[in-house]
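These notes concern the structure reproduced below.
Per-chain residue numbering starts at 1, and chain names A, B and C are given in the order in which the chains are listed.
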Amino acid sequence: MFAHIFVYRLKTLLRDRSNLFWTAIYPIILAFFYALAFTNINTADSFEAFPVGVVDNAEYRSQAYFIEALESVSQEGDNKLFDVTLMTLEEATDSLNNNKIVGYILFDGGARVVVKSSGLKQTILKGFMDSYLQQSSAVMSILHDNPAAAGSLVLPDRGDYIRPAELAGGKTDVTVIMYYGLIAMAVMFGGFWGRREVEDIQADLSAQAARINLSPVHKLKAFVCSLCAALLIQIVSLLVLFLFLALVLGVDFGPNFGYVALTCVVGGVMGVTFGALLAALIKGSEGLRLAVMLTVSLLSSALAGMMFPTIKYIVVEAVPALSYINPANLVSDALFALYYYGPGPRFTLNLTLMLAFSAVFSLAVYIVMRRQKYASL
Amino acid sequence: MVVKVNNLVKRYGDLIALDHFNLEVAEGEVFGLLGPNGSGKTTAINCILSLLKYDKGTVEVFGKPMRPDSYESKRHIGIVMQNVAVFNELTVYENISYFCGLYVPDKQKCRELVEEALVFVGLENYRKFYPKKLSGGLLRRLNIACGIAHKPKLIILDEPTVAVDPQSRNSILEGILQLNSQGATVIYTSHYMEEVEQICSRIAIMDKGKVIASGTTGQLKAMINTGEIITAELIKADASILADLKSLPYISSAELTGNQLVVKSGRGKNSLAAVLEYLNARQIAYGNIYCQLPTLNDVFLEITGKQLRD
Amino acid sequence: MPVFKAYFTVIRKNVSTLIVYFVVFAVMATVFIKIMGGGGPEEFTSVRNDIVIRSADNTPLVEGLIDFLGQHANIVSLAEGDSLEDALFFGRVDDVLIIPEGFTESLMSGGGEVRLERSSSSLTGSAVNTDLLIGRYLDLARLYILNVPGISQEALVTRVARDLDNAVKVEIAADAAQFKAGDVSDTFRYMAYTIIAILIVGVTSIMLAFNKPEVSLRNRCAPVSPAKMNMQLFAGNLLFTLAVWALLGVLAYILSGQTGIGPNLLLLYLNTLVFSIAALSIAFLAGKFIKGFGAQSAVANVLSLGLSFISGIFVPQALLGETVLKIASFTPTYWYIKAVETITDLSVFSFENLKPVYTDMLIQLGFAAAFFILALAASKQKRQSADG
């Protein structure tokens, strides 16, 4: 009997194009879009020199040291900060207004910088000017103490003080969180299968269920056999998604593929049982159940960092309890823990919670479904 | 008794859906449950099948109390519901095979039964079709096949011919008689009196959750006062004749609707001759004239004052 | 105009789905504005990084450095037990600075072998800011170390601090744009996603209703010429598009906290209007191929998200790869975003400056025309094959 129900259920679900699309195909399409958008994001960090104007007046020309300093940051090379153009004041104002330059430097009874808005480039321009002024002041104070040193003044090159380091073994690719969030979303979408399972066994939700209820097969047995088919499909979808991300798109999951697969399996169970519970609890039209399922799935995935990684962290900071109640977050956090720390206490905690949730959901569904007679059909 | 229902009461809040509903179906009968929409036929069926909670009363099937876990009884029941209950993702063959398999664990036996069912409903050429591609009539046939493939001893059909083409309808009715001749007891609910009259050996007429009359067709028609209905299409309508007609012996009513004259006469008397005599005497011209025995609709009409189908 | 009226009845039936998209837009815009927060040009404010500092070298020099950093960045202290890695990874802090033991000594002796360790979040990309700040302080320090032999740390710190008091005066140009460029740019970018999604859902709902075979045949038998019917449908589509554009425009205005309508905003609205027409043409074309409501939501989602991702709505164009941008340039969304980013920076509205904006808009209209023609060709094809 198990084989009979299982095989036919498998056939039925695999031909359910709508659910198959949303749970198996849509996440892959989305992942593909993510990959397209992220191709450059980690290398886009490198700094590019930007255009700056300098007003060519008499006062400027008298600043020999400044001219030298400016040259050192406007020549091709690692130190290049600016693309400098000399111009008149009118030209400078014009260029700034027409966004041809980020800002211009004006010597008019002292040094001045004119910009249009506050931003990183403007800050860097200001920083350069500040640095120059401060260095000049330092030089002047040194010479003031020791005028004789004028000849032998050593002007150090820009020092190399910083070694870019990486914490925890070189993981700086933030985009992985968005992919993990995507897997979390696919896990939650598994609820669609759970919903279908309940709708096809609760006689007050569909005619097919009524027919099944009138057969000599024990209702719970029928349900569990069908559910196994749904679980199989969902788990396979998740594993395929995972492999697609890891092998085709090259998303970094760390070296622990086995544990990631385990997460997918447990996640599959959790998502499907969650959907089943929602469907069992929500009476009313099919449209309502669908809407609730969609909203809950997307909301929980978004909070798990699917759309913007920082949200995940903010949630943890603001409401730490929430991060352990949100099933989607358990998934993305488990994957993150594996990636960043390897299989350790954090991963185990998440996985255990996922198993606990699955158990709770399953139990709840069982309790709700034991009702065999209905108040109305 | 295959089915015995005693004093079934079902309420939806203030609305009483089944009001002390009683039913007895003997083995080998084709029992009809007739009533207008909303009379409680489907509710009664669902309660009998233990799908629906009821407030009072008892239901026995095959001599044993019927409960949701009466699996042994369920094994021998086949149902054809009002809503088509098949899976859109499975073909005709797969649907029948799936449901049959729930009743008959033996794979080989199941295969044979499915083939027989396909032939029985005439869907052999459609076995690879998906339900979406079937017309209403064919879909209903599939619905039936799924319900009877396992050769149940008791078959319950709830309005199986709604929105079905005449050809399919006839084959369905014939099929039911065939199943009955093979030993199945049938409960058939409908609001189409012609069908019920055609195939049912005993009938119960329902209204507002109660059985208001039951018996064979003959017994039911004998309950009312009308024995004959004479309909004539007059060339020219003349209302003055109604009073005269009514005064004829055994005539219970005479009505004129447009050009159509309907005269009802008492039980057992052949009043056609009398009416013809009267019309000829008054030189009233008429076109078609025919007389009929009362229908179940007339039974219903007389008892409740309403039509069976409105 | 019965067809026209029927149009809006169908829209009304689907209003709940449409409302969902409006809400999503509003939420997206609000959330992102809160988190990213655009800057205002009222007065110049330097970008301040959030830095966490862990020092194993507690010397006056290091203290001086930290002090200086504190003036130009936000020094964040994480609670004990909060993971440094998490904070950095998720972009809660921009940099983590680790000052190893022996740093000061190595610096004072002129060798400079011991270096600071900096880890930066790749999300925010402003590591260069921190580097420059640190460089500035330490360059000054080295200047003294090299030219005032034997200078004590305390003296060094004092003198450096004094030098650091010098700062350049920064002015905002008089003609600077008067609105919060950042918020507006973001809001109008997300709008494109919403516009596509809503138009596809709305237009295809209509087309599904009207293209049902029974309905279509019935329409062909009616005494209204097909041309007239198409015109009414077209008018309905246009009105719907305008309504969506206006509604989103108002929403955007409120959400980005605008006060008053300047030329930038007007240009943005014009750009959005042009884009809406292009989106309508996409929806129209998509509608020719959508057969059912399941397909409708799939297509609406996939198309709107897909175009958004590659055109620079969720990930700014500056951060997208070249190939992606090339692909995206075959969609109107790319040109819309490009125009938005140009417009928000404008403060002088000369023809010279507006030329690229107008070009972008014309390109979008070009796409609209192309899609419309394609759609008409597709429906002619279908009709011919159905009749023949």
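Quick notes on this structure:
As a convention for this text, contacts are C-beta pairs under 8 Å (C-beta built on N, C-alpha and C of every residue); 3 or more make two chains touch, one makes a residue touch a chain.
Remember, it's a predicted structure, so these values are computed and weren't measured experimentally.
Contacts between chains trace an open chain of neighbours here, each touching only the next in line. Comparing the centres of all chains, each the average of its CA atoms, the largest separation from chain B belongs to C.
Closest to the middle of the protein, by Cα centroid, lies chain A. Chain A and chain B have centres, each the mean of its CA atoms, that are 63 Å apart.
Separation between the centroids of chain B and chain C, computed from CA atoms only, is 67 Å.
In whole angstrom, the spacing between the mean C-alpha positions of chain A and chain C is 16. Only residues 1, 4-5, 8, 11-13, 15-16, 203, 206-208, 210-219, 222, 372-377 of chain A touch chain B when the two sit together in their complex.
Within the complex formed with chain A, the chain C residues making contact are 31-32, 35, 39-41, 44-47, 84-92, 96, 98, 112, 115-123, 125-129, 131-136, 138-140, 142-144, 146-148, 159-160, 162-164, 166-173, 175-177, 181, 294, 298, 301-302, 305-306, 309-310, 314-315, 318-324, 327, 345-348, 350, 352-353. For chain A in complex with chain C, the residues that touch the partner chain are 17-18, 21-22, 26, 29-30, 33-34, 36-42, 44-45, 47, 93-94, 96-99, 110-120, 122-124, 126-131, 133-139, 141-142, 145-146, 149, 153-156, 158-168, 171-174, 177, 305, 307-314, 316-317, 340.
Chain contact summary for the complex, chain B toward chain A: residues 12, 46, 49-53, 68-69, 71-72, 74-75, 77, 79, 81, 83-87, 89-90, 94, 97-99, 101-103, 105, 146-147.
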